[in-house]
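Following this message is one structure expressed as structure tokens.
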Amino acid sequence: MESFDRRAGELLSDDDRVGLLRQMLLMRAVEERGNALYKQGKIPGSFYDGRGQEAVSVGATWALSGADPVCSPLIRDLGAHLVKGTDLTQIFQHYMGRENALSHGREGNVHFGDKGVGVVGMVSMLPDMMVVATGLAMAYRMRAEQRCALTFFGDGATSRGDWHEAMNWAGLDRLPVIFLMECNQLAYSTPSARQFARDPIERAAAYGVHATTVDGNDVEAVFVAAHDARERALAGDGPTLIEAQTFRMHGHGAHDDARYVDPGLIAEWAARDPIDRYSARLTERGLDVTGLAEDVAAEVAEAVAVALTAPMPDPATATEGVFCTSAPAGEQLGRGAERWSGFAAMAQRLPSAAAA
Amino acid sequence: MAVRTYLQAISDGLREEMRSDERVFVMGEDVGAFGGAFKVTDGLLEEFGAARVRDTPIAEAGIVGTAVGAALAGLRPVCEMQFGDFVACGFDQLVNVAGKMHYRLGLAVPLTVRLPVGGGFSGGPFHSQNPEAWFMHAPGLKVVAPSTPADAKGLLAAAIRDPNPVIFLEHKHLYRRVKGEVPEAALPTPMTARIARPGEDLSVFAYGAMVHTALEAVSELEADVEVVDLRSLVPLDEEAILASVRKTSKALVLDEANATCAAGAQVAALIADRAFEDLDGPVRRLATPDVPIPFSPPLEQAVLPGTTRVKEAIRELLDY
Amino acid sequence: MAVRTYLQAISDGLREEMRSDERVFVMGEDVGAFGGAFKVTDGLLEEFGAARVRDTPIAEAGIVGTAVGAALAGLRPVCEMQFGDFVACGFDQLVNVAGKMHYRLGLAVPLTVRLPVGGGFSGGPFHSQNPEAWFMHAPGLKVVAPSTPADAKGLLAAAIRDPNPVIFLEHKHLYRRVKGEVPEAALPTPMTARIARPGEDLSVFAYGAMVHTALEAVSELEADVEVVDLRSLVPLDEEAILASVRKTSKALVLDEANATCAAGAQVAALIADRAFEDLDGPVRRLATPDVPIPFSPPLEQAVLPGTTRVKEAIRELLDY
Amino acid sequence: MESFDRRAGELLSDDDRVGLLRQMLLMRAVEERGNALYKQGKIPGSFYDGRGQEAVSVGATWALSGADPVCSPLIRDLGAHLVKGTDLTQIFQHYMGRENALSHGREGNVHFGDKGVGVVGMVSMLPDMMVVATGLAMAYRMRAEQRCALTFFGDGATSRGDWHEAMNWAGLDRLPVIFLMECNQLAYSTPSARQFARDPIERAAAYGVHATTVDGNDVEAVFVAAHDARERALAGDGPTLIEAQTFRMHGHGAHDDARYVDPGLIAEWAARDPIDRYSARLTERGLDVTGLAEDVAAEVAEAVAVALTAPMPDPATATEGVFCTSAPAGEQLGRGAERWSGFAAMAQRLPSAAAA
């Protein structure tokens, strides 16, 4: 693995660091509450979380500019939605199948998007959205825009043909897209060793795709890898495959007790919990992060309280919206939150650009 | 006869075919130690070993395509799609490779693809679909859709023993909800329709979960309604359909799938063409409108055909 | 108005949309310098450059999926499948990604996929298919099927300007065989049916190449037969269909696609449900039986519906 | 590239050599006649040939035992059918859409198979049959049979998802399958440079697939590569990707004048014609190959003459055979011709096996 520490030191401010921790805490708190709501029967269907993998989606999305879309976060990547700025209350309403602005009850789980902040919701067929992200990148290249697209997928998803079509296409056209492979060592019950003989990262170069492996439980390392991939993309140097090594700490979904996973492995990875590690690191660094968890808990509690008062969708609307009836005016994907302090710093240096 | 759930009956059928024919093997995502997403293959790994209970990569084209190869080599693969929805990712291998092989080259492809299908439990747009019509419209594929435990077991045996590629639809909502007597012996069910409830005044045609919806609706009405469980969609038991209409003169065709070009459209078109003189009323259809299946319960209930709407449709047609 | 072939009309339509809207671009295998397998995109590279006339790898999922991405980014991709048959390889991206995006997430996917379809020239099982029914049975996709040069151009404009994914069926057998007047201005054709020939005694419903088969058959008969060119399959112009049946009381539904669950099944089922009282005879269907399209000319002619069989069916139904 | 010459010297007898040349001549003669029949309107639809690529299918198939299937030869690979022993007359009847035992008029072009000799006909969707070949290999492995499957595909076909699913699957399970990539530098009008950024051969190792590149216009080199791949497969060492570098000397099909191809390139490759080169080499070696072309011409002429008397299929049969109505008794794929002298030599050493 490359050394990310030094680069992180150069790139991240203390505000960034606190922000990264906060978003990871938020992701965990939302998902813990989600699991509880599921068990209380308030979330229909099923519930999936990314416990232990918070550093991946939070770290990577932190590196995006407001105009860089995520297409798409997957079931372990709630952090991408949060970093981009999707409203918490809406997320809970969505989870519970209540009327909400994200999916109007048409979708559940992490299958939401928020076009306003530039997040395209996932489809279940893995990894279809890699191809769509490649298409976004193709459009940016065609319009000579300084933007790139970020897409997530698991180790298991690399076995499907669409993985290949996206890798090949992006490599061929040197497109500004970041492929983030979340190697949590499992695909449902199937270990990576039954998914591929050799780590897909080894194929990247032979697609014309730059590749890098990071500790997926180190949020700064993930951030740096995504940051560098974005720079490369914007410089016209093509796509990057980032492999984030991590571990799925819960079952595949709330219904799955994951008894097929070696408890020793879970204990080992628990000791590397991305949130605990990062809290300790920031404390060591002299940052006060003691109040964050409480803040976050309050934020979640409030969002849930409001969400619980939201009505269910009106059944009369069930068949509406299959087709779009008026042409979208201009681009549909809006700007998400811009978290990395580097963007603000650049904007200060370029006041006219900031005004635009 | 033992009382088994629909799910247990499928498991039993699979186990018995594997016991009696060593060419039979299962493959799919997480079908081994985990026993499959719905536990249909639970215990098979222990009994038959990893060579015949094969965990695969997430590769639906790979699953269907390698199964075609194994079938050509003389084996009898039974593929599980984790959810029937994912068959879209293996679509080309099914319709272009498996389905056309015998007609083009005289090569039999004895292959079964099990599809857990259907909605009703907030599975949302990607875990609730009923894709059978796509395959009915692809020559060379058989399509069966049991509604009872006995038929689930019997049609699975029939599918596995059939020398052709067979799409086996198992409705997720029936898995644990439906129980029934199932013969111990592994008797294949013929790919024909079954009168689920005889009647004289109106015929309801349904398959899979909709058979239960129809029976429930009829049981709440004072009317002599026949319910025909199609069981097999390809081949479609045209004679049984026409015979029922000839008797009752009125037809309601039920579908959980999206309405346009659904199985029910084919059944209705058949009746309109070949039983026109026997009809005393329009050929009514009830199906899910052309929308992805929404997640939120009130929305999902609004689109899936339920007993209330079935009863209404029956009443209206009886009064016609 | 200039006289153009069906193929030229499609080319013209594409060129004009590209001229008037810089968001429109084409992509597909060999569409650039080569001008496409059928030469529909001939000359576009020279006029619009390689950025807007994109040769792609052989990757149908890639073509559809990247087009979805480009559409989300505000462009208006027009994809060419080299033959419509290969759309099976991009099936999942179409039905699960493109088709469901707006309903699920409120995102419009203005995307056109051009499918050269149909048989009649010994293309064999993989170069002759009519896959429209698969897409009619996938919510969120529009499906259009012009039969004349004017409609080919007009419906292409309508498809490209539509904010939804549209499957544009262009029948290969019409490319150079059919000529007609085409307006210079790029007027979109509405996605509604068209009376191709008015009549009082019987309605024939058809689309694509079958419209010509129907017209030819009718021209050889002494009978007042109406031919309705459906033009759009999704949305389906139900009112026009029902109005025609109300007038003539007899319906023959034609399909070049395999019969089961075809577009024609949907039309026939619609008539049987909603125009029953107006019917003076069975709703007859004529389609290709459920076989892959064979290569050898006598076999192909035996399965595709031709004028002889259409005439027979019309005569029989008139005499009913 | 590896050195194949020495190995060829060890493996091939003079009978093999004459046989290889003869089969290449036969392939060319059949296709020349096919093109003529197409132009005369006797072959409906279209016609595709593999001119200049004869060494690939002939050389590779020569290395197979009778029980090793080809699944499938593609449009440039008529040689695989010929080497396996499919009847010439039937081939011409098939081409012309007349009644024939291979496809009964249901198929055209090189889309035929001959189950009796262990050849599964191709489907057009590229490269679907790679996956099917992988499944054959899976079955052989399950039954512990000493067999392997050979599958062909072009450079262009490597862009599709099914290529990846097959490579990954075969590598994962170390299956006895030979992937023969026919790199003729074109896919219809599209040059390889617009198909991939980097040669797919570079990805093979990272799938757990052994890889080798050969001069595809050198029939002995192709033979050796296939022979070694087969040995590896039978030894349980898994799949091999063989890249045969060659060039498409005609248009994509008979309708295509290939004016998009640089004439200089065609001239360059014409000088490396696999048949001319090999004839010269054998002559140099002292083998008399002067009569071969004439023999072959006579064989073709006779086959065509008979084929031209065959009736068209009975239209009444057009809808027959969509479904198989009786279960096949045992394996459907028979034994093809066994060409390589090494098999005969082995059989002599093992008389009982030869009798079986």
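Every chain is named by a letter (A, B, C and D) in the order it is written, and numbering of its residues begins at 1.
Here is the rule we go by: contacts are C-beta pairs under 8 Å (C-beta built on N, C-alpha and C of every residue); 3 or more make two chains touch, one makes a residue touch a chain.
No experiment lies behind these values; they were computed from the predicted model shown.
Novice: Hey, which chain ends up farthest from subunit D, C-alpha centres compared?
Specialist: If we average the C-alpha coordinates per chain, A ends up farthest from subunit D.
Novice: So what's the Cα centroid distance for subunit B and subunit C, whole Å?
Specialist: Those two chain centres are 30 Å apart.
Novice: Averaging only over C-alpha atoms, locate the centres of subunit A and subunit D and give their separation in whole Å.
Specialist: One centre to the other, that is 47 Å.
Novice: Round to the nearest whole Å and give the separation of the Cα centres of subunit C and subunit D.
Specialist: Centres of subunit C and subunit D (C-alpha means) sit 37 Å apart.
Novice: If you average the Cα atoms of subunit A and of subunit C to get two centres, how far apart are those centres in Å?
Specialist: About 40 Å separates the centre of subunit A from that of subunit C.
Novice: Mind pulling the subunit B residues that touch 2 or more other chains?
Specialist: 57, 59, 61-62, 85, 88-89, 92, 96, 100, 103-104, 125-126, 139-140, 290-292, 294
Novice: What positions in subunit D touch 2 or more of the other chains?
Specialist: If we look for residues of subunit D contacting two or more partner chains, we find 103, 106-107, 111, 123-125, 159-162, 165, 168-169, 172, 194-196, 322.
Novice: Name the shape of the chain contact graph, picking from line, ring, star, complete and other.
Specialist: Contact pattern: complete, every chain touching every other.
Novice: Okay, in this complex, where on subunit A does subunit B touch?
Specialist: Within the complex, subunit A touches subunit B at residues 44-45, 97-98, 103, 105-109, 111, 123-126, 156-157, 159-162, 187-190, 194-196, 260, 312-319, 322.
Novice: Can you name the residues of subunit B that touch subunit A in the complex?
Specialist: Result: residues 29-30, 33-34, 37, 55, 57-62, 82-83, 85-86, 88-89, 121-127, 289-292, 294-303 of subunit B touch subunit A.
Novice: Going by the contact rule at the top, pick out the subunit D residues touching subunit B in the complex.
Specialist: Its residues touching subunit B are 71, 102-104, 106-107, 111-113, 115, 120-121, 123-125, 128-129, 131-140, 142-143, 149, 161-162, 165-166, 168-169, 172, 321-328, 330-333.
Novice: Once bound in the complex, which stretches of subunit C touch subunit B?
Specialist: Those residues of subunit C that touch subunit B are 85, 88-89, 91-92, 95-96, 99-100, 103-104, 125-126, 133-134, 136-140, 234, 236, 253, 257-258, 260-266, 268-269, 271-274, 276-277, 279, 281-285, 290-292, 294.
Novice: With touch defined as at the start, can you tell me which subunit A residues reach subunit D in the complex?
Specialist: 159-165, 168-169, 171-172, 174, 194-200, 202-203, 205-208
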